[in-house]
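So that we are looking at the same thing, I have put the structure below in structure tokens.
Letters A, B, C, D, E and F name the chains as they come in the text, with residue numbers starting at 1 for each one.
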């Protein structure tokens, strides 16, 4: 199986989760209030207060086959608003 | 100059706590007000401002100076972003110019309540209906900003970034802080009309507690504003100049419109402050959603890092000096 | 019908803020009150309700209507879940039936304080000792619910899911919200008896601030309740009907018991509200722990998404209408 | 070495950590207030307020050998209350 | 013995809520006050204590007993850690001894305000300037603690762990809670001097609300203190004895110094409480940063798990008994 | 590519992030208010209130080549104050 890690702005959380559900993922886990920095932007905690929102970190454990469909569905969002997506190996305990 | 007014302003608890926050960052103290506590105070302040404004609006009705003032406020929030846009275009691209312009066309509720505290402190009366003007000025500025992008942005904008009108209206009208302010205003109005005991029972929460909560919130604002300063330096001297010059310029337009409208000195100051202040809540959220090309560090650090401190510390007393010179006291 | 009472109820700040929350969700505003701020208000309300109830209980003692009322409350919280269970079993399995039944046998403190505000607004007197009834009704309903599972659940329940009595009692008596309410009641009682200046010094916090904090909390409850509605639709029309019919039915039983007890109109309304309201705090937590087979979306969306809004908006004034017809005013 | 990711309801956090300690894990890291969805249930943020609790995400870095014992100790809890457990490769920096 | 004073102290809301928290943990209730709510109350209390202290300091000026008392406080916060260090070295290494010693040389603001509430309850007057002593005693103790490490630590301490003086001073003076307390004190002073209406408008927030917020915070302190107890047991009987014996010993020194200074009974009690109480906010933070070799479980569980509860429940009334015997009431 | 997971006390977050930036990482993601236990110490939630701070969990996705430099820069901090660092495989989606 695969583990997918997504990090992107909290404000895009709802459409992103809808995309994942459309891709029929078996489940996901969301951590909000995450901060960070990418090549261009810094996301700091005080942005929560202005309503800009910090980042969300989404983890999906799923079969390899789903990855193509997921990528197709979420790539436009990542391109438009920024964010990263990484895949690694994982197996059920 | 109005140094005595500035000093009187600086020596009040809200401004002193604001400085306490700034100095904490400057001295690298680890004082912090962790999320979501600032949000608690910001929600509380919006709810209380709105509710109290609604009570006053119910008392005053829409007669007298109310409708003209509100109309003028809407016009200001349409005109100011246009002026800002053309100034900003000297150095910045369409996206950043439009986003910053929208922020300066809109308002800052905390600047407004600091001005109210200042007036109370000076013993200058003002009207509660000015909160209606405050509540109504957020949305038009956002719409102008997005319209500017729609019209002036390069044609090669990718399809995914086409403006969707529904989203624009949604972001401008139903943004959390705009909605809470307007909703509480409406609730205050209804309560004052139909349930006077309810008004009394709200008083300890929305009235008595307000000043202290304002101080606590300004302590946090001081910390946040000071943390924004480094990225302001990166933004360059053009934007630094803009963040100080623009509020003064807008306040000037404001004082003349106030004179035209025949506003009382207190109301005139509040009107100027609405023109001079810039939004760091509703507008940035809307811009982040709809104009991702604009750098959020630009519009946040100008409004929050410079214009906000400038207005509450120096601007308000200076504008009061102008009012004292230009607006006759009603007799 | 009691439309005038309904209207008077709707036009008070707590209910208006509740609507503001519902509408925010309906219009997809991004207004949110982030965790753990709702918890702050819910802890505050429980502490203040309990403390004030304790003060009153110390004044009234256990004489007069106090002991009979409290006893009747305990009986109601044992009987109501049984009735609910048999109705629910028409369509649902043992686990879901027992969990929902326990919720409806228990109470909702916010419904109770909304009823108190309603009575104050109407100028109808009521007694502080009713809070004791409120505090005492949570645990028995949970125990009945778990007992029903123990007796009626299919024998093939896996070993891991055997009921552990210690856990059951623990969950029903030491649940955070039950404990805080009872503890604060006890502290109020002791303070009133031994430290009158302490009572006075608490007054600004537990007394004056209460109404405003209630409004803020109801704003959040509006948001949460509205977010529950979609999953209610999934639960089907049987549960939707149950969530509206059951409170009315329980209120009816309540008003007759109140008449038997000879309660004053104010106390009678509060007693009805205790019968009619359903728990969305203590009971769900206990059920989640001990009956994982029950779907939490069922018991949360019925109690929070429908019964709660129904009670505070329509139920309370309707029940008051009943009281006005059936309960004579003491003279 | 191995990395173990556990996601389950916050209300089971205490017994779960006790189980891990009984399995002699060298350490663990806990993130609370995590939300998510599995095949059947949704765990949303507003459940924290009702006391139902959101999810907890527990990470354990440990030797392969420990996994069997861990599984034995935590599987009953995961079966009873729900939750997921995934293993991946990891090495000390 | 002073059992009657102890009972009077125990039967006040703050102490009762503290017990409610302790019992919640003892009975394994799931009552919790989630982060960052305790931080909200701790920030609020520091702000309010400081502000009120500033007001009083402005009234009293630096004449009379003020300067001698503050000077004596500084000396105590230098001497007490030295005494503690030599006692602790009997059983502990240099690092742990220095860290714990610093904590006991410093103060606990919540113990102080509990003592103030106790005095108010007893009708014993005290002076607001004692807050200045409170604010000034945190830093010196930290510096002594770090100096002890610098001098007494084994020479083979790795290079990375060399004391950096700048960090030491920074941690001792600009620690968030020290900074907020001192800053609010200064703001209170300025406000009282230049803006009397500001003082009045702060009163509902910093004054009226204080007692209730103190109760809420003590509920949380009860939970936290009780959670610390198991790790105290691990720390061993030497530290358990130290955590009870040391405050009594320090209170004794305190009462004689107070007599020398000619303090009034109220002020004498507060002075003793400053000597007897130990820091669980500023000092642990500083030690964690600069002496990572010391076990934080040692200095947290002694100060928070034992000395704090001991002082607020038993210590304060016992110290009052001493004051009643040794300090003459001014006439 | 590699995924680096760091867990250490929140109070060291600022110097740690500076170290990472000095190592030219392309980005990072930070989760604060994380608790846990290591071989010796327990980090519990109530430590946030005393100002000791809970842990921070930092994730870095980066090229293998950077790891050496990162290790060099952060190892002194981890040694001084405690904390763990683990590496696993990851690929961009």
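By definition in this document, a contact is a pair of C-beta atoms (placed from the backbone, for glycine too) under 8 Å apart; a residue touches a chain by one contact, two chains touch by 3 or more.
Only a predicted model underlies this, so the values are computations on that prediction, with no experimental measurement involved.
Undergrad: For subunit D and subunit E, which third chains touch each of them?
TA: Of all the chains present, those in contact with both subunit D and subunit E are C, F.
Undergrad: Using the contact definition given at the top, which chains are in touch with both subunit A and subunit C?
TA: Under the touch definition, subunit A and subunit C have B, D as mutual neighbours.
Undergrad: If you take the mean of the Cα atoms for each chain, which one ends up farthest from subunit A?
TA: Between subunit A and the rest, the longest centre separation is with E.
Undergrad: Taking mean CA positions as centres, which chain lies farthest from subunit D?
TA: Looking at centroid distances, B is the chain farthest away.
Undergrad: Counting in whole Å, what is the centre-to-centre distance of subunit A and subunit E, each centre being its mean C-alpha position?
TA: Whole-Å distance between the two chain centres: 46.
Undergrad: Just how far, in Å, is the C-alpha centre of subunit F from the one of subunit E?
TA: The mean C-alpha positions of subunit E and subunit F differ by 34 Å.
Undergrad: Can you check how far apart subunit C and subunit E are, centre to centre, with Cα atoms defining each centre and the answer in Å?
TA: Those two chain centres are 41 Å apart.
Undergrad: Hey, what residues on subunit B touch two or more of the other chains?
TA: 30, 34-36, 39-40, 175-176, 204, 208-209, 285
Undergrad: Out of subunit A, which residues touch more than one other chain, so two or more?
TA: 31, 33, 45, 51, 88-89, in rising order.
Undergrad: Could you pull out which subunit D residues touch subunit F in their complex?
TA: Answer in residue numbers: 1, 3, 26-33, 59, 61, 88-93.
Undergrad: Touching residues of subunit E toward subunit B in the complex: what are they?
TA: 35-36, 39-40, 43-44, 47, 51, 170, 174-176, 179-180, 183-184, 187, 190-191, 194-195, 197-198, 201-202, 204-206, 208-209, 285
Undergrad: Enumerate the contact residues on subunit A facing subunit F in the complex.
TA: Interface residues on subunit A, with respect to subunit F: 4-5, 7, 31, 33-39, 45, 55, 57, 67, 70-71, 84-89.
Undergrad: Along subunit F, where are the residues that touch subunit E in the complex?
TA: On the subunit F side, the touching residues are 9, 11, 33, 41-42, 44-53, 76, 79-82.
Undergrad: Under the touch definition given earlier, write down the residues of subunit E that touch subunit C in their complex.
TA: 8, 11-13, 16-17, 20, 23-24, 27-37, 40, 120-121, 204, 208-209, 211-213, 215-216, 219
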